[in-house]
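Below: the structure, in structure tokens.
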């Protein structure tokens, strides 16, 4: 493998349970086989990095509304299809538990412990009005230039 | 063209008629111009590989429910937007037929006959409870490692 | 940077406000740092290239219906989530305006002025029944072969 083939860079745009799970299965699979993985969380995807009980002070009404409506971390995400007010998502989580597959929060911890770089998109944070104190610890921050620098040298780039 | 530029690798995550059609137009276009194409079908995308009248025995209730609700092959897929309970999808199919464009089942057969590799994601099959006897013949099976091996050497990687 | 690393090629499949904004933030960011950027607009994404008050003559009923229902240019796009009949989209646009961020029409003009190549997918135009006189000036046209030629030599390829 050359340098380029060792790198996987993902834009995680979505906060759907199914798409986020796919992203983290790819990321942990790649990292455990020795690849360098970077995940950029933009727009809805930022929700995955949120902590449960933190909110930045001094938010405008609109920013507070975004805060209420967006999932707070991976536990609160839902399927993009067949959600049926949470029933479909819970059914799928139940199946995964029964088959002893790691769930989304587990996959995220595994990714972090394997050295996957988690990067919060600062432009999206501005739009959503999210502060760094609301997002999980140990992540990095960057904008489009940071992303492009990383993606340019990566053999595998995906937008999820 | 070097080896890398000759390869197109797609993750087909979606089972929407529009996205699946886009994936197969890309795949058949690439294959007919001499590129090596691999398509990985994950999550909802697995539905595209299902046969019409096959069901694995011994399924749990939840697995049978997934089976009922997911499309059985390309004929049963719907537009991601403007579906209007099937009307929009049928309108679009009608237009494509009138303009003598190949439909989704045709595109899939063309892809297979051009040597496009169709790979069912075994992890997703586990989650959905789908057995190999339920999917079309002539496909391959693999997990994230299989995908990454292929994607690393591909000049064009997309997540659809 | 080698030639490959200088190129970003995007398939813009979606006409969602959020996804289109992400695509143009990437495109303008890349172009302003000296990268060569090509955007292929397929399926719903074609809506972004539509002019406000132009319609091709001699359309069939179905083609006219597509014309009525699809957004006419970037101003008419909506969020893929939390749209709430336009309220969510307007809230987000309001936040972006307040923070003096460029909106989607601005981003598109910036992209064009930075030399980003905007390419309308002729296959999708056939399906939707859209004529060239309905789309903005200064764009190029091409099909899957045009896309693959460009993507093969690009270091970063994304499907949005």
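Letters A, B and C mark the chains as written, and numbering starts fresh at 1 in each.
In this section, a contact is a pair of C-beta atoms (placed from the backbone, for glycine too) under 8 Å apart; a residue touches a chain by one contact, two chains touch by 3 or more.
The shown structure was predicted, so the numbers you read here are calculated from the model rather than taken from an experiment.
**Q** Using only Cα atoms, superpose chain A on chain B and state the rotation angle in degrees, rounded to the nearest 5.
**A** In degrees, rounded to 5: 120.
**Q** Same residues or different residues: which describes how chain B and chain C meet, taking over half shared numbers as same?
**A** Counting which numbers both chains contribute, under half are shared, so the two copies meet through different residues.
**Q** What whole-number Å value describes the gap between the mean CA coordinates of chain B and chain C?
**A** Whole-Å distance between the two chain centres: 25.
**Q** Would you mind listing the residues of chain C that make contact with two or more other chains?
**A** 157-159 - these are the residues of chain C that touch more than one other chain.
**Q** Which positions of chain C touch chain B when the two form their complex?
**A** So the residues of chain C in touch with chain B come to 11, 13, 42-44, 60, 62-63, 65, 69, 123, 126-127, 129, 143-145, 147-148, 151-154, 157-159.
**Q** Mind listing the chain C positions that touch chain A in their complex?
**A** Result: residues 1, 5, 8, 18-19, 22, 25-26, 29-30, 33, 35, 81-82, 91-92, 94-96, 99, 101, 155-160 of chain C touch chain A.
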